[in-house]
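Sharing a structure here in structure tokens format.
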Amino acid sequence: MAQAQAMQRVVEDVVDEMRQRSDRGEVASYIPELAKIDPRRFGLAVVDAEGRVATGGDAEEPFSIQSISKVFTLTLALGKVGERLWTRVGREPSGSPFNSIVQLENEKGIPRNPFINAGAIAVSDVILAGHQPRETLGEILHFLRHVADDPAIAIDNDVAASEQRTGFRNLALANYMKSFGVIENPVHLTLGVYFHHCAIAMSCRQLAMAARFLAHSGRDPSSGHSVIPAERARRINALMLTCGHYDGSGEFAFRVGIPGKSGVGGGILGVVPGKASVAVWAPGLDASGNSRLGRIALEALSRRLGWSIFGA
Amino acid sequence: MAQAQAMQRVVEDVVDEMRQRSDRGEVASYIPELAKIDPRRFGLAVVDAEGRVATGGDAEEPFSIQSISKVFTLTLALGKVGERLWTRVGREPSGSPFNSIVQLENEKGIPRNPFINAGAIAVSDVILAGHQPRETLGEILHFLRHVADDPAIAIDNDVAASEQRTGFRNLALANYMKSFGVIENPVHLTLGVYFHHCAIAMSCRQLAMAARFLAHSGRDPSSGHSVIPAERARRINALMLTCGHYDGSGEFAFRVGIPGKSGVGGGILGVVPGKASVAVWAPGLDASGNSRLGRIALEALSRRLGWSIFGA
Amino acid sequence: MAQAQAMQRVVEDVVDEMRQRSDRGEVASYIPELAKIDPRRFGLAVVDAEGRVATGGDAEEPFSIQSISKVFTLTLALGKVGERLWTRVGREPSGSPFNSIVQLENEKGIPRNPFINAGAIAVSDVILAGHQPRETLGEILHFLRHVADDPAIAIDNDVAASEQRTGFRNLALANYMKSFGVIENPVHLTLGVYFHHCAIAMSCRQLAMAARFLAHSGRDPSSGHSVIPAERARRINALMLTCGHYDGSGEFAFRVGIPGKSGVGGGILGVVPGKASVAVWAPGLDASGNSRLGRIALEALSRRLGWSIFGA
Amino acid sequence: MAQAQAMQRVVEDVVDEMRQRSDRGEVASYIPELAKIDPRRFGLAVVDAEGRVATGGDAEEPFSIQSISKVFTLTLALGKVGERLWTRVGREPSGSPFNSIVQLENEKGIPRNPFINAGAIAVSDVILAGHQPRETLGEILHFLRHVADDPAIAIDNDVAASEQRTGFRNLALANYMKSFGVIENPVHLTLGVYFHHCAIAMSCRQLAMAARFLAHSGRDPSSGHSVIPAERARRINALMLTCGHYDGSGEFAFRVGIPGKSGVGGGILGVVPGKASVAVWAPGLDASGNSRLGRIALEALSRRLGWSIFGA
């Protein structure tokens, strides 16, 4: 109880600190619908191992989770095809921007990891597997609602449409992989899945709830039910640590010290193995395309709550 | 006591398993002196938080630690110049082989991280800082003997000479950085330091002992004395996790789940925050230049002893 | 008259020599329709300044001209927008394979030259300029029929359909450029033009006739009418010399010494300023994607007829 | 006679035009000795097939020929080892800056062509072939004095020393090639030759005289003596056309239309097969490292004198 109050106080402190900062970075402009978001929004939610939730700021406000969705589609793809997934996508940090196509040319169309755009498109293709995008998206939403224990999670169709109208670079990536046989479904169907799962809207609270199974050895800590095997949870966390922030992944590990996945909507999902799951939302981005204040907030939280996986 | 026996039994089991495997990879051939090593050598040593040591196989046999030395030169450089180090070397995984020069051209001579060759050469240059290589090497040895609590650690001059005769690619990297002003000392002096610290010979036991301060919040766990601040230890561990195995870093994190640093001599140093430090030696390398059996052995150990930092 | 007989004899000699060679390279396999072509086909046609035509082998047989068409679409685009074209496409050899996307990433979506795939797609986009592909293709055919003085030239719709079904890499290139704003029309319309003009079928005779204006200062040498300004003809020839054979352009200049443009259908068009235009067809390709025997035949012709622009 | 006067008048007109331009580019700064040169210097010399010389401006003033020397070292290397040279250096334009090392990594240490720095260093290594640099430099000077018919040509040792002190990037290139076995002599000896032949000082008149054999089928047009076989002259000219201006080679071919080789000292040597050789000197460089006014002057000359090899 005292611990819960302490956690709530730390969350509030961090929210207050962040509100006073003016160095917020730039809101993503290349998806027109996202460019409309107020850069002053800030939300934070933590769920601990006992299921206690601490929130602050705009923690209940849904935002476009964008690439954070890739953690959940990766989970689903591994559930479907297991380790065979790794014939279609690698497991190494890319050393390149999120939407680079150079690496694909050098490595025969195999994306470096499931969290850069090309890799996540390949993961969408694995989940689609001949079905209709509508069914596949239903499955993704069903999974998210289940792990977040919240039936209200939905796709923001305006964002999806906005991305679909302007997503030429993702079309390039998908067609490029298709030319190497890495994409098996028709490109427009695979991208239909990809653009829509990136357009899922969730609040910080919903995200932190949804990631509990990753923090707790693959289990829902409240029910104790297994969502995925413990080893798979560890491996997804490892991928988040090494590849979760594009070409800023090393920096995030260095400063924050927990597995995390960012999205250009300004969200970051963090996993503290055995301890907590956390989500932050601050729409302004840094040069690597990661939430600027989000990272700083998680660094502060991690330091105060002793979260780093790299030592006390 | 029972725990110590359990640890010793696991170490012996893993050594036995590894002895029976025939898929040992290839011994590094580009340094003539290393090519002479018997690929069947195998050693393993673990030191836990209570200072208990478990060893197996050739754990007492010194071998060329090569790039593992970069963990300790990084520690020294941070001690000398602190966070200013990061103006001369980055903190991101490279997505390239250990000796790539392409990345330097694209990023104005700044190496991506302190563990690829270029980055470690820049770190050597920072430590050298106008002194004589002999003094600097004395300082590095002094530090290693101190943290390992073993005055017998020394440089293998035959290996150093072998590298110096054939190290054209490192000469290229150093001169390239010099052309951008990233190397400040004369290239042959900086490389003198680099080639010699890579040629330090240590046993698995010595390495595991030397890394105790990284596993235990910057402190020597036996004396309780602080070697470096706790936050610095966490950050070095984070860099080992994201960048410690060149273009196989993602794979190591995925499979083993602990910070580690490999060397082309076949050694791998592992750090298990709060729990243990570990060193393994198996000279055969995989395609990324990391010890093949060494990684497999650490994967087995990590699984049996519950070491992964990514969850139980 | 004697000169015409000499030219005819040289042509026949070269055709005989080529028929005896067995090192024909591989027929392009990535466009299914082209993979069906008999690799033993060989045709050759020369038109001199006096309008005399010498032919040999399958010189009257139409084949898929593929990238040779890019010489003519470049001519049309320069006619439409003049030097403004060079804001959308460069003039430098690429140092990369014909379908590389790496260069585009490094240079903000601007293709290096109008003869690599990306550059030719940008040229198609310039010609299309808001019209319907059907009109634009009509214009291209009209121009070719005019300069070749042959109303029979047509598009092979099977080849066009074959490319359109499998052209994922070109879709990637076009969408990639679209993401930088280099492509202005809808991608599928621009690529409709591109795939269809590459699928134009012409014989060696028709091609050699069509290129007369490039060999003769922009004029039709029989009528004396100007097709394009002399300076433009020189510049197109210069581009053919430096960029006409993808990453084999240096080799072609070195060995043959005349401006030329190859296509993966096995054709090569050559321009000998002031003297002749020439076309050769041999479907087997070398590693750079250029007709293997075609280049060898032109090397022999160039040597015997003193065609090199680099000296007597 | 009238023709000679006409040529002289065109040369003077061009010199006058150039003197009035203020857009001179920047003098190379990375070789300290070259940075001292007055950017207003301008010289021009043409030698025609009859041996008549037309000069203007500072045509008699020696300047550092830098990379123009690579034309002559290539000629010597081909004389020594013939076509075997092409196992150590390629013949394709590079698509990269003059001092790029990226291409070497992608192509196993084989430089793309003999005119980029790496390629010219490999050529120096071929000429050196186990001899002493002093002998080899003597041979190069002997050859230049012979073809220029001028015993006064010499090396500027201040420039050589300046380059040697600061040539870290060339040291990187040479060591990099050495690591692949492409350089056979000790790196410091090969670079000794390279830095010194780049530091040869010649006037425009001397350069234009020295290149007569390239313009006239391998022969000295005054004596009629053969310097190299005609085919070799054609091939060297072809390489100058495709690779002589680094990543501005396409542009030079497009605008000027003659084989040429530039140097960072601000010189450009041009070859007009069958007609003339020409040298220009204007120290200010463009973004590709080629003489800005030099190129513009040659474009004007080429247009007025009908020199383009791409048509009348």
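For reference, chains read A, B, C and D in written order, and residue numbers begin at 1 within each chain.
The rule is short, and it goes like this: contacts are C-beta pairs under 8 Å (C-beta built on N, C-alpha and C of every residue); 3 or more make two chains touch, one makes a residue touch a chain.
Fair warning: this is a prediction, and the values are worked out from it, not measured in the lab.
Of all chains, the one whose Cα centroid sits at the greatest distance from that of chain C is B. Centre-to-centre, using mean CA coordinates, chain A is 32 Å away from chain B.
Between chain B and chain C the centroid-to-centroid distance comes to 55 Å (mean Cα coordinates, whole Å). Rounded to whole angstrom, the centroid-to-centroid distance between chain B and chain D, based on C-alpha atoms, equals 48 Å. Pairs of chains meeting the touch criterion: A-B, A-C, B-D, C-D. Looking at the complex, you find that chain D touches chain B at residues 100-102, 104-106, 168-169, 171-176, 178-179, 187.
Of all residues in chain C, only 90-96, 103, 112-113, 214-218, 230, 233-235, 237-239, 241-243, 247-251, 253-254, 257, 259, 273-274, 308-312 touch chain D in the complex they form.
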